[in-house]
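Input: a single structure, listed below in structure tokens.
Chain IDs A, B, C and D follow the sequence of writing; residue 1 opens each chain.
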Amino acid sequence: MDFDDTPDQARLRDAVRQFLVDHDSELAHGDGAYLEEPGTDRVEGLRRTQAILFDAGLIGLTWPKDYGGGGGTNAQQAVVNEELHRARVAGPIGHVGLGMCGPTVLGHGSEDQKQRYIRRLLRADDLWCQLFSEPGSGSDLAALRTKAVRHDDGWHIQGQKVWTTLAQHSRYGILLARTNPEAQKHRGLTMFVVDMESPGVTVRPLRQMNGHQSFNEVFLDDVVIDDSERLGDVDDGWRVALTTLMSERMAVGGGGGELGVRSDALVAHAASRLPQLSDDRRRLTIEALGRVLVESLAARYTGYRLQTSVERGGRPGPEASAGKLTAVRVAHATADLGQRLLGDEAVLARSVEGDWRWATSQASTPGIALAGGADEILRNILGERVLGLPPDSARVAPRPTPPSESR
Amino acid sequence: MDFDDTPDQARLRDAVRQFLVDHDSELAHGDGAYLEEPGTDRVEGLRRTQAILFDAGLIGLTWPKDYGGGGGTNAQQAVVNEELHRARVAGPIGHVGLGMCGPTVLGHGSEDQKQRYIRRLLRADDLWCQLFSEPGSGSDLAALRTKAVRHDDGWHIQGQKVWTTLAQHSRYGILLARTNPEAQKHRGLTMFVVDMESPGVTVRPLRQMNGHQSFNEVFLDDVVIDDSERLGDVDDGWRVALTTLMSERMAVGGGGGELGVRSDALVAHAASRLPQLSDDRRRLTIEALGRVLVESLAARYTGYRLQTSVERGGRPGPEASAGKLTAVRVAHATADLGQRLLGDEAVLARSVEGDWRWATSQASTPGIALAGGADEILRNILGERVLGLPPDSARVAPRPTPPSESR
Amino acid sequence: MNFDIDEEQRNFAEHARDFFSEQAGPGTARRLLDEAGDPAPGPRVLAELGFSSLTIPEIAGGVGAELLNMALVAEQAGRQLAGPSLATAARVAVLLEGDEGRLRDVSEGRTVIAVVDGSPAGSSPSMDALSATHFLALDGEDLLLGEGRVSPGEPIDATRGLGFVELTSSEVVCRDARERWERARQVACVVLAAEGLGAADRVVELGIEHARSRETFGRPIGAYQAVKHRLVDDWVAVNQLRSLVWWAAWAADHAPEQLPLAASAAKAYCATTFETACETLIHVLGGIGFTWEHDAHLYWRRAKVDRLLLGDESEHLAAVALQSISAATRAVSGETGTTEVVPV
Amino acid sequence: MNFDIDEEQRNFAEHARDFFSEQAGPGTARRLLDEAGDPAPGPRVLAELGFSSLTIPEIAGGVGAELLNMALVAEQAGRQLAGPSLATAARVAVLLEGDEGRLRDVSEGRTVIAVVDGSPAGSSPSMDALSATHFLALDGEDLLLGEGRVSPGEPIDATRGLGFVELTSSEVVCRDARERWERARQVACVVLAAEGLGAADRVVELGIEHARSRETFGRPIGAYQAVKHRLVDDWVAVNQLRSLVWWAAWAADHAPEQLPLAASAAKAYCATTFETACETLIHVLGGIGFTWEHDAHLYWRRAKVDRLLLGDESEHLAAVALQSISAATRAVSGETGTTEVVPV
């Protein structure tokens, strides 16, 4: 066990830290993941930030050199991430591409696709989105109904997706569609890369309860995709999607990363507010703060253990889902405590001093909670795959019990 | 809406209060339901207490006069109960008879059975138990396997019951047994009164985690029951059992009664302990105390509403199950807070001053939680019967999903 | 004991229910987040119909009803996120007790009064300030009435009309008003809890409807225990909240010595019950529950704000604990004779 | 960063696991509730095998291992409700640091030392007091060692050897010992949390086994979300507790400035995790889980006691909060230069 830097890592850390100091004014900053001030649009600034970091070799450090990555180790990326965190650099705008689409293309795409897409994805030259959920299939993803039918000129896509993060800014998306309606539901799906500028693609942003418009409806009306943009084999899309979902699991909370407002921002906020509280309130607040921090530490160090295991060549298994359960709970508690610390002004969306972070985070947490699977889905995965408990739906036929007679 | 006594009720209250003052030294007292000091056997004292109260007309007030009851109103019984509570009189030892067996005999027994049993049951001359649960059927009561086979000399019973409260002190029990193994599981059951002194009945007390022995295993080895001791029709025992379960629901928490240590005992305990705590601890304790009391009040006043509706001729429906969910949670929180208030001595089962109530209640709550249905069963009942949500087990055939492929 | 509302009260609540479903609704709450304006049905309409003067004596132009009736109306108002809050109306009625002239102005809708929390020279965010013409405030022990300058904050729930108030003119309408001020606040807590009750009840109803119809993995989601049991817990809590609200409202008129305990119990229990119900609803709805167009977040916004107004859960939990202890101590020392003040 | 134990540590833990499953177990915990005696495997055996002297330097007859190794053994001891607690051993090793003679007596089993919490003239219930021959206590700033009179209390968990201690003879073994005393307590917290980790892990395992096999309504109960999800939450918590325990144990040797935070985090998180896991187990087991003969209540008893020993959850939550705030404040004022003390 060793948390210290190797000499190489220490050199890297120094270099990164210096770079971030030198370029501080060019970079976007923030107090947490997916945390944007209501009514502002930082997309361009965030793209620029990602490009600067990529050009400096701080994004895609572990990705293959052939496609623009750094060919480095997870340990190096971890050092870089720590420094980005310390410098309060905003999370990458291209998080869907980095966390889900990129790994899927790398894992299942052709050499040509990798050459064309990965480098621009890393640099946020192209943003990517993930066209999975549909109005009728959220948790039960494999029940999706968007159809892909093969014609001479390629696959014709017809259907509708929803809750598609970043779709309105994305150049590409990975699209899961049904290619064989006769097959058992997991067996008739195929994955594609879709150009979001293709004819027939309509993106309609959805306004969310936090006022943001990061989710979209995407209508696909006879969109044509060349067969060369298929990812993986025909009707083998579920296996491809599992790569995406596994990566998503690691990206959203799995590696110990925080969702919502950062805990160090909460500590700083508490430090400034506590002296103004009555003795009674101070004591109650300290207990609440301790509780958030302990759970946050528990998730963080568990993420470190997972990182170590991934670094050793392990793949993030279903147990990575655990991190998200905790991270969402911590994000919720952090926002709640931060807001309550505003005292009388906690009934407003922005304090007199202009602090909007906690109210926004409160209204954003339910959306974060959906990404990568609702709590129930994650608990089922853990219960069935890790703990070995029997499946939830009665795959074992139950003895029939008429409702009127059950106890 | 009116919480005040009518003139008649006020007279009754005065009379009861005076009686309880006059007879205080003859009665057993206690700080809560099912809360007995370990190692002491107060059964005889408790039986005497119940007999004294019965003789004074304070037990069975609402039961039919023909069988020894008072023929009075629920409102009168409520006044009496309030005064018994105020005077810290211990709950009746015959609570299983009063709460479950008696109403079942009244509802389904023959005139002869009612004449023979009810008065002695009310007076605790006979204690009663409820022979329902079996090692293989707890929540799924209707899956029970104890058999009753009809012969010339009566029904021959073969089987085993478990978790039978009071069995070792009981003269009679109501017994649910399978009379038709071919029928659908709820349709082949019959209810009987069994004399616990019959040949073939063996009672083996189980030691519980709280050190008490109030639960028992009961072995029934070719026990013969005369057909005249049947309650209700052959194979109609499930309907009879529903009377018992409904009554149990009302008896255990449904009417707003407390389980575990009484909240007024907690308040008194807190009042004496708070001044010794540091400021920090005092504030945390006050919040915890407030939380217990609010939930306790919520359950109590909901019980009052239920009592009003029962008094108007309504029957306690499935919503009475809600009271138990809350009452168990309150009992748990009460015991926990009471114990923590002991400070350094909270790691012991008895404080230096001899206070054993909280530790005992902590170790008793899991048992109380089982009576009348585990939380999941109660929530299913409420969800399906009151909220109209679909049944839990997949009575609707699910689309099959191979476990290895589900998300 | 008869712990139920009577037939007349039931009919009255039914009428209120019809009125508020026609005249108010979450749609207004949504619109007010984008554009300024009064909540629906607004102060004039509430005055015209006599809802805001329910607890003002007939002699002062009011209805002269008990607080329980006000609570029944407030429950229905809460279901539709109506505003201004009847809690403000009930609070004003207590604060101006005996002042027939001013109460008549209120009853007849000539003045719309809000109550200023915090200092009259620069208040905390105060309910219904945005639609008020006059303000009541406590200055030391004096009750002031006057006009004021109101600056709105950026709202979480725009139907609460929260604003920072600075009194620009005032006169003393009552001296030694502390006890009355406290009682008015307790009464307001009861009515606010009644509004929360109605809102939470509606929220649970929406969740149940969705859980019955929405399917996943071939079954309605309400068949899954994780969904079913959360909805059940919320339903149980709402049902229990109703008991506390009714008790507290009854106590205000018939057992004033129980009011402080009952009001705090209702307000504290409402804070968690309403907020939890909203979080369950949004969770159970999945993606659709996170959209601006769904009503879920409007109830959620109300819950996030109401839980803090007129004292948060911690304040009221402490009040319940300390009042219970002090009643127990008085009972032991024999101060209260044979009647317990606090039924704990 | 490499946040995992190595092969050697894994083997070592495996051996400890075998040893404790043979030499200890819940049966002893049950028996001790009815008759007085030492917990298994008892102080002599732990000394003989070097488990209690793991963190004592070799020069003083100990093993000279890191606290992480002690935590790995403690986890296995916890699984079997072994006693006396290795937390006491680790605490003694810190308190007697540098005192080779006395440490050698401990290493070689000649003396069995417990640590007295509270006043040496009449202590709070102190761990492992019943099997000790000598006692360490803090008197003002002085560290005392001596013999004592022990009165046992009525135990909830009889394996903790809790007793009230009154020192009958003593000598000062260290002056200005406050800092050392605090550090020893933090180290003990880590080891106690490690024991809780092992116990909780076993408890979740028992729950899973039962949920897989016990059927109701025609399905294993583990198929029902109400059961499955509770077990999952407990499993997640145990897994996260392991991370905190390992971090804290590592910090004790390699990043002492992080020890106070890490120790408190581990202890606080353990309190709830272990207790909740036990309550889930008893609940999931139904009637059988309420019986004296089932092991569930023995783990539950341990959890009810351990959560309060060496500071309860509130104490450690406050420590985490206040240390984090003070580190943040120091960081802002630039006191710590480039290295943050507290990784929050």
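Operating definition for what follows: contacts are C-beta pairs under 8 Å (C-beta built on N, C-alpha and C of every residue); 3 or more make two chains touch, one makes a residue touch a chain.
Given the structure is predicted, the values throughout are model-derived calculations rather than measurements.
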Could you see whether A-D or A-C has the larger number of C-beta contact pairs? A-D
Name the chain whose C-alpha centroid is farthest from the C-alpha centroid of subunit A. B
For subunit B and subunit C, what's the span in angstrom between their mean Cα positions? 37
So how far apart, in whole Å, are subunit A and subunit C when each is placed at the average of its C-alpha atoms? 39
Between subunit C and subunit D, what's the gap in Å when you average each chain's C-alpha atoms? 49
Got the subunit D residues that touch at least 2 other chains? 217-219, 224-226, 229, 314, 318
At least two partner chains per residue is the criterion; list those residues in subunit B. 139-140, 280, 284, 287, 376, 379-380, 384, 391-394, 398-399, 401, 406
Which bits of subunit A are touching subunit C when the two form their complex? 133, 137-140, 143, 162-163, 206-209, 211, 215, 280-281, 284, 340, 344-350, 352, 356, 359, 362-363, 366-367, 369-370, 374-376, 379, 392-393
For the complex, give me every residue of subunit D touching subunit B. 117-118, 124-125, 153-156, 160, 162, 216-219, 224, 226-227, 279, 282-283, 286-287, 289-294, 296-297, 300, 304-305, 308-309, 312, 314, 318
Note: in the complex, subunit A contacts subunit B through residues 139-142, 185-186, 238, 245, 279-280, 283-284, 287, 373, 377, 380-381, 384, 391, 393-395, 398-403, 405-407
If we count contacts the way the header does, which residues on subunit C are in touch with subunit B in the complex? 1-6, 68, 208, 211-212, 217-220, 222-223, 225, 228-229, 231-233, 235-237, 239-244, 246-247, 250, 254-255, 262, 265, 268-269, 314, 316-322, 324-325, 328-329, 332, 343-344
Can you list the subunit C residues touching subunit D in their complex? 224-226, 229
